[in-house]
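Note that chain A is present in both complexes that follow, paired respectively with chain B and with chain C.
So, the complex of A and B:
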């Protein structure tokens, strides 16, 4: 306990939910592929490829379990420019959030795009992932995406 | 189906930060006022249902302590949704339809100032693909706003007009937090918060509470001269992943509106829960509303946006106008989840 302004007692309160979750057969495959620096999507009975993959087709509810390789490049379908990143954001300098449709996918995944300046962002632009040095099977194994041909 | 009506409402005046009172103290006068106005003895109310978000207080089962504002002895039949109070009202409406109750008290409270709302709302996202990225609610809305602006004829000027109109309307709403006359050109000259959204495109952060009393058939007719009858209520949900949907439109709102019978008569007033300016335009189009409908005469969520309160408040605002005799038919809308993921439409009528 610390005494704040006006003699009020204050204490930090950290909310934690220390659960472990099983990711299941479809998300588990997606995260295992990320660990190997690859992307996989799931093909539905209607032939659509969902990335990020789910165990069901959100339009029909039918089960989906056929994994197919996608990416690594993709196209920005919409984006938002963050000039003042928040503490929990993945980059600590100005960047874009974007929905990215990976090559071979019919849906888009959320991630960050690092272009340095807003004027370099455009819907329809091609981007490619920047992988972390250490991958653990998490969506954050991709540090961010960057314009194709940057590195 | 039983005829169910809203017979009374009460609201707390929304503020940016309620310094002195805890949630129970915020709720107590609101609940007492709604029950008193209904004329139904408190002990006769058959069901109580509330909506709130435990993440605001950062305590599991935080909603249970709110029952101190109601009084739960002798035991009452009670339920809670971790959602906006509009969905608590839906549960109460279903309960009355089953015949288990003839009346219900519905309330919600949100002391949003206790946390960082854009970050708190990250916790409603899936824990695998979205939440670990650290995205906040304003950034998600901005992704939707750009998709909307690029796929339609609307412009950033149209968004700013929504903000100007809402905050002007709010001058007539004693419970609004953010009201006044704003200059369109000055707003458009402001920098982006998260491009393409500016500060004026976003709802304020508010502490607030609202309560509503529902009653069926003759209980409603005896309670109030001009009950606001719920002639249609429906809610629909879209996939959670924003990249699976076309963010520039709201098919779940359109479907809920059709099921609630929006098109079977004129809509004099529509209270739409749009915490971001572009969302009002998406909702208007999804519900087929034209210039003959007055949109958000209360100022809407852009004038006050207490988390889990603003949706039920929309229903209360329409019900009030029917009870005052100023309109005969209106609709209220509530939303939940990122980028208008889930939507509820409620049609209210005088009879």
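So, the complex of A and C:
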């Protein structure tokens, strides 16, 4: 607590929850694939491919466990530009949060897209992942996506 | 499927961190400055005359401002308590230990504090306790100016004296 004499006391107050979450058999495969620099989705009984995968078809509640490869490229279906990235954001310069529908997937997944400038972002643009040098089995193994043909 | 592929990721860490700037407000600021002086300050409701420690600036029952400041002593009564047996990274105290609701003499609201200097098995409702403060040079505008409460050599308070504060 700190303030001048007589003023109201004020102090930083930090709450931290160090959660560890069990991934289960389906997300466990998804993260294991990321560690190998691949994307996998789950195919439901109705033939839809969900990425990120879920253990159940959200429309029917039926179990889904058939993993299929998707990506690595995909299409931006919608996006929002972040002019002032915050401390925990994946990039420390302006970038886009985007929903990316990987090739072969029927759903889109949230990730960052690095185009440098907002004017280079476009719905429908093709993007590819930029992998980190070290992968651990986390969504952050993908540093971000970038326009196809960038590197 | 290769061996690497077949090895599932079992868990991921998803830490959550919330950074707040907490401003104490007028009543809590008075209380915390009192802590730095080694005093426990409360406020009395002008209508129901209940004494709030720590004060919140208003009476939750009457909905009026509590601008009458009162000092209460560091002695009080354990109204209820629990024995904590689960360790926590954020506490530098080894379980089992006792966290108790303490009704300070002259106060009408109990608050949580640590009980030390007695075996956890000896703690009981109605037990009389006193505040143990940090050394004078370590006093500050924080509840941590009181290190803990310890038993005092007095007969237990009768249940009637604190039953409305449970």
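Following the convention adopted for this analysis, the second predicted complex is superposed on the first by the 136 of 151 C-alpha atoms of A that agree within 3 Å, B and C clash if a C-alpha of one lies under 4 Å from a C-alpha of the other, contacts with A are read in each partner's own complex, and residues count from 1 in each chain.
Just so we're on the same page, a residue touches a chain if its C-beta (ideal position, glycine included) is under 8 Å from a C-beta of that chain, and two chains touch if they have at least 3 such contacts.
Computed from a prediction, not measured in an experiment: that's the story for all the values here.
Visitor: Give one of first, second, both or neither to describe whether A:23 is in contact with chain B, with chain C, with both, or with none.
Guide: The answer is both, since A:23 touches chain B and chain C.
Visitor: Of the partners chain B and chain C, which touch A:138 in the superposed model: first, second, both, neither?
Guide: Touch status of A:138: both partners.
Visitor: By the touch definition at the top of the document, which applies to A:60: first (chain B), second (chain C), both, or neither?
Guide: neither
Visitor: Pick one for A:52: touches chain B only (first), chain C only (second), both, or neither.
Guide: In the superposed model, A:52 contacts chain B only, not chain C.
Visitor: For A:83, using the defined touch cut-off, is the partner it touches chain B, chain C, both, or neither? Pick first, second, both or neither.
Guide: first
Visitor: Looking at A:150 after the superposition, I want to know if it touches chain B, chain C, both of them or none. Which is it: first, second, both, neither?
Guide: It touches nothing on chain B or chain C.
Visitor: With both complexes overlaid on chain A, does A:36 touch chain B (first), chain C (second), both or neither?
Guide: second
Visitor: Quick one: classify A:15 as touching chain B (first), chain C (second), both or neither.
Guide: So A:15 meets both chain B and chain C here.
Visitor: Touching A:122, do we find chain B (first), chain C (second), both, or neither?
Guide: In the superposition, A:122 touches no partner, neither chain B nor chain C.
Visitor: Count the residues of chain A touched by chain B and by chain C, then name the partner with the higher count.
Guide: Touching more residues of chain A than the other partner does is B.
Visitor: Per the definitions at the top, what is the overlap between the chain A residues touching chain B and those touching chain C?
Guide: Touching chain B in the first complex and chain C in the second, residues 13, 15, 21, 23, 27, 31, 88, 138 of chain A appear in both lists.
Visitor: For the complex, which residues does chain B have touching chain A?
Guide: 55, 58, 118-119, 122, 127-130, 132-136, 139-140, 142-147, 150, 191-192, 194-197, 239, 241-244, 247
Visitor: Where on chain A is chain B touching in the complex?
Guide: Chain A reaches chain B through residues 13, 15, 21, 23, 27, 31, 50-52, 54, 58-59, 77-83, 86, 88-90, 97-101, 107-112, 118, 123, 138-140.
Visitor: Which positions of chain C touch chain A when the two form their complex?
Guide: These residues of chain C touch chain A: 4-5, 7-26, 28-29, 32-33, 89, 140-142.
Visitor: Along chain A, where are the residues that touch chain C in the complex?
Guide: 1, 7-23, 25, 27-29, 31-33, 35-36, 88, 137-138
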